[in-house]
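Next, two complexes with chain A in common: one pairs it with chain B, the other with chain C.
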Partner chain A sequence: MRFFEYEAREIVKRSGIPVTDFGFTTDAAEARTIAERIGGSTVIKSQVLTGGRMKAGGVKFADTPEEAQAHAADILELEINGQMPRGVLVDPKADVKQEYYAGVVWDGTAKKPVILFSDMGGIDIEDVAREHPAHVGRVHLSNILPLSDYQAKECIAQTGVTGKALQRLTPIVRKLAQLFVDNDMVLAEINPLAEMHDGSFIALDAHMDMESEARGRHKQLLKDLGVGDDETRMAREPTEFELAGEAVDNASHRGVAGNVTEFDGNIGLVIGAGGGSLTLFDAVRAHGGKPANYCEIGGNPSVEKACGLAKLVLQKPGVDKIAVMMSIVSNTRVDIVARGVIKACLELDMDPAEKIAIFRIPGAWEEEGFKILEKYGIEYADRSVSMHEAARRAVAKIAGPEAVTT
Partner chain B sequence: MSILVDADTTFIVQGITGREAINLTRECLDYGSGAKIVGGVTPGRKGRNVHGVPVHDTIADCVEAHGKPIDGSVVTVPPAFTKDAVFEAIENDIKLIVVVTERIPRRDVAQMVELAALRGARIIGPNCLGIIVPDVIKMGGIGGPARNAAQAYTPGPIGVISRSGGMTTEMSSTLSAAGLGQSTAISIGGDAIIGSTYAELMPLFDADEQTEGIVIYTEPGGRMEAELAAWVTETGCRMPIVAFMAGRFMDEMPGMSFGHAGTIVEGKEDTATEKIARLADAGITVAEEISEIPELMQSKLQAGSTA
Partner chain C sequence: MRRDAIFIGIEVDQGALDEHSELPAHLTQVCPVDIYRETEGALEIVAENIDECVLCGLCLDTEHLGVAVGAVKVIKLYDDCAVLGAE
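And then the complex of A and B:
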């Protein structure tokens, strides 16, 4: 779960790392007040969860509080990569001697966090790593042993930084590592970490990403930051269709109708489970089909859940028929899913045989399921029909044979 | 032979009195020659039994009742308690731990994995369905009820490793239908950090005489496929490998997670396109469809090709 910059900086501040005297606001007039408090030149930064702010005009410099207010007013109206800003951050313009980078991320291969440090800050660390590998320090952290200053020191020293700078950077980088561990972060990054002309260091920008699964362990922090339980902070905001999908999932506790995601095609999909959905969605597209949605059913959903999801997809504008497909199931019952999707059609006064283009779910309770499908005249397939072949049939039936590409 | 487990493997189920765990215990007892489930743990439920398996409060009690070391554990406790359960298993000398639980924070998983490495134990999962040796033993929910598992899995020469539990069964069923049985099939889990990756399991399959080829199911996200490609290139794998990559559509949707927790495109290297190229560079054939896998494998086996 990504944090906005103003939240990330607050987290950095709480960990004891020096930050600037920044302010956050959703109001242009208040931006002026903050700029007055700061005194001198300021930077006004759009608070969006996307990159490329500078290019999009979401970062502006102001010499006076009036200018700060005007910039804030512009930026608050400016959409960046489809996102309206949460607000603006008003920051003192820093007089920087040198920019550094400090970050902590997971190394999935080593299965440990790794500290990354560079004396070339302010730019993308991946670019630095590629073009100037000697300028990136790396030290892995144990998951069991306590953190220690020497790990931060080694990482910094790898880039050739020594003297007072090394001494002053060490506790900052160690605190960043501690913050990463304590808050279940998957990314904790200060870039740039600035060295001022007086030799002090200060965090000028920060990126933080907390593991969604661990949110429950950090309720107080999230409350303090004003992050609502319903904020998913995904790459984009959920659509109405997706929120309705979530409501279907929440309506009954048994099983999962997860990750309902909207697309703009015409092929309605009731698919599962995790890997099966990925495979089937690819398969529909590989055969020239344009899915109307993505979803993951599984975990033995109730008749109501399967019914609710099928209804939602059937009622989506542009959808004429649905394809009900899964990889071989062992926990989920074929007959229950069959009952659910048939019920959805009947409740919408639709003919299941016409609306369900194909039903391909082999596995547990398939004999019972196939019997029901047969009764309603629905085209179904067992495991002898591959997932890709089932997807091809769905595309041919819904989009027309001419739409099938392979 | 098989890898990791065989007919003699003894194991316990942690969280055995949970609804899913009760089903899983039944399935494993019924399958093949019947799993040797020597005990179960649910704190406070000492003295009960689940399908005849005695329930204890602690693993130490299980070991004492059994009278000798226990080989494995299937962990089904809720995510908030999983780390503690796995630590208990490791510190009681259990060497093979299948973690079924999903939605465990990464840091907890990393701690379990690091302690396991220190003690010489192996973790499969989390967020996985476990291990199956066709007609012999299943350890975990893999394949479902014994009758269903028997329908999909048959003994043979192919090792299967999959990030998706359901797709382990789908692929094995497809292989079985084409006459290619499996030596051992392993659902390794779909999280960003897991106990055993492809590259970490390959040496075991490599040393197993029954295994003549490997089929893997992969997804976007992480560097596990790159790690496998590097292993193949460096060691010169004696067996052909056929891979299937799902979630190709995700390349167009960075930052969105689909399928499993670890399935998210965050950088250039973890896209499906990049992974397919990397696998292909290492000589691993990437199938376009599941149904192509048996034929691709047959032709590689006949050509006597490596990787």
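And then the complex of A and C:
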């Protein structure tokens, strides 16, 4: 769940990290009032959840409050990457000595947070890491042990920063790491973290992304920031296909058959159970397959729900066949899912044996499920076939044997 | 009375229904997926729910009502019309 810059800066401010005397408004006249309060030159920044603001004309500099108002009026009408701005942020124009980068992200491979620091701020950290790797420090954090200043200091020092700058940066980076942990963030980034000519440091821009599942744990923060319950704040708006998947899942309380994400591949997936979705999705890709979707099915959905999900995937343009696969062994009834996916084919006037490339769901009531699959001539696999092998067979059958890469 | 869906068929002996007025209410109460519905004392087999049958067999347990075993049949159409509980 992403935050607008003005919200991210408020979160940074609450954690005790110095920020500028910025203001947020949805009104151009108020932008002028904020600029008058700030005094001097200001920066007017569009508040959108997308990049490329500067290039699109969403960031402008003003030398007077009148100019700030005029820029705010323009920016409030400016659509950037399909998004109208939530408002504008009015910020003092800072006289910066040097720009740094400080961030904490979730490292999915190490399964723990990692602090990233660079003495080359103001540009994408990915570019710095690629072109100037010696200028990026990294220190992983424990998921259990409390944070310490030394971890932040070690990370900063990797970039060659020493002396007073190191001493002053350490508590800021440590507070950022604490903010990350306390607020269940998946990304907490200050870029640029500016060193002023008097030697002080201040956050000039911030990006925050909270784990969506953690929203319930941070109701007060979200309320304080004015984030509505209905605001998904995802990287993009859900597609019609994804909304239809949500409708399938919401149609009945029994089990799960949804959490659909649309991709542009040709392999329709009906996958799930205990982390199986992610594993199977990765397995399909590892074998060179191009999934048309991600989804999650499990927890014993009704036949109608499994049918609804399968119909949705089968009807997606570009999908020729579907692969129905679940985790190692599942408590979701095999026979019920089998009925659902076969029913979907029949209701769409499709041949289940032709449309279901592979059915690999071992677990509860599998003998009954296999009887159903045999009756309709569907290729199925029991638990003696691994998830990876099932994914390989699906790729070979749908995309052709030549498409299999491993 | 019999209704078939794609995978499951349900058959309830009409004689048992005529003889045991409490049978429709009982079936309505025990079925976890609402295959049976009692309407003004009569039994309706809800066609759209038949394939949701989880083969629990609760509707077959009618002896305590004095209904003969076999008065209610759950038929697995995908398994050569095997009758649940009679395999």
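Here, the second predicted complex is superposed on the first by the 237 of 406 C-alpha atoms of A that agree within 3 Å, B and C clash if a C-alpha of one lies under 4 Å from a C-alpha of the other, contacts with A are read in each partner's own complex, and residues count from 1 in each chain.
Just so we're on the same page, contacts are C-beta pairs under 8 Å (C-beta built on N, C-alpha and C of every residue); 3 or more make two chains touch, one makes a residue touch a chain.
None of these values were measured; they are calculated from a predicted model.
**Q** Would you check which partner chain A:Gly363 touches, where first means chain B only, second means chain C only, and both and neither mean what they say?
**A** first
**Q** Quick one: is A:Arg130 in contact with chain B, with chain C, with both, or with neither? Answer first, second, both or neither.
**A** neither
**Q** Which partner, once the models are overlaid, touches more of chain A's residues, chain C or chain B?
**A** Between chain B and chain C, the winner on chain A residue contacts is B.
**Q** Of the partners chain B and chain C, which touch A:Lys219 in the superposed model: first, second, both, neither?
**A** Touch status of A:Lys219: no partner.
**Q** Using the touch definition from the top, say if A:Arg37 reaches chain B (first), chain C (second), both or neither.
**A** neither
**Q** Applying the touch criterion given at the start, work out whether A:Ile336 contacts chain B, chain C, both or neither, answering first, second, both or neither.
**A** A:Ile336: touches chain C, not chain B.
**Q** What does chain A use to touch chain B in their complex?
**A** It is residues 106, 108-109, 111-113, 126, 142-144, 181, 184, 186, 211, 213-214, 216-217, 234-236, 259, 261, 272-279, 281-283, 285-286, 294, 296, 298, 326-331, 363-364, 383-384, 386-389 of chain A that touch chain B.
**Q** Name, in rising order, each residue of chain B that touches chain A in their complex.
**A** Touch list, chain B to chain A: 79-80, 103-107, 109-111, 113-115, 118, 141-145, 148-149, 152, 162-167, 169-170, 173-174, 177, 190, 192-193, 197, 217, 219, 222-224, 227, 244, 246-250, 253-263, 267, 288-291.
**Q** Give every residue of chain C touching chain A within the complex, in rising order.
**A** Spelled out, the residues of chain C in touch with chain A are 6-7, 33, 51-52, 54-55, 76, 78-79.
**Q** Could you list, by residue number, the parts of chain A that touch chain C in their complex?
**A** Of all residues in chain A, those touching chain C are 302-304, 333, 335-336, 339, 342-343, 346, 365, 368, 371-372, 375-376.
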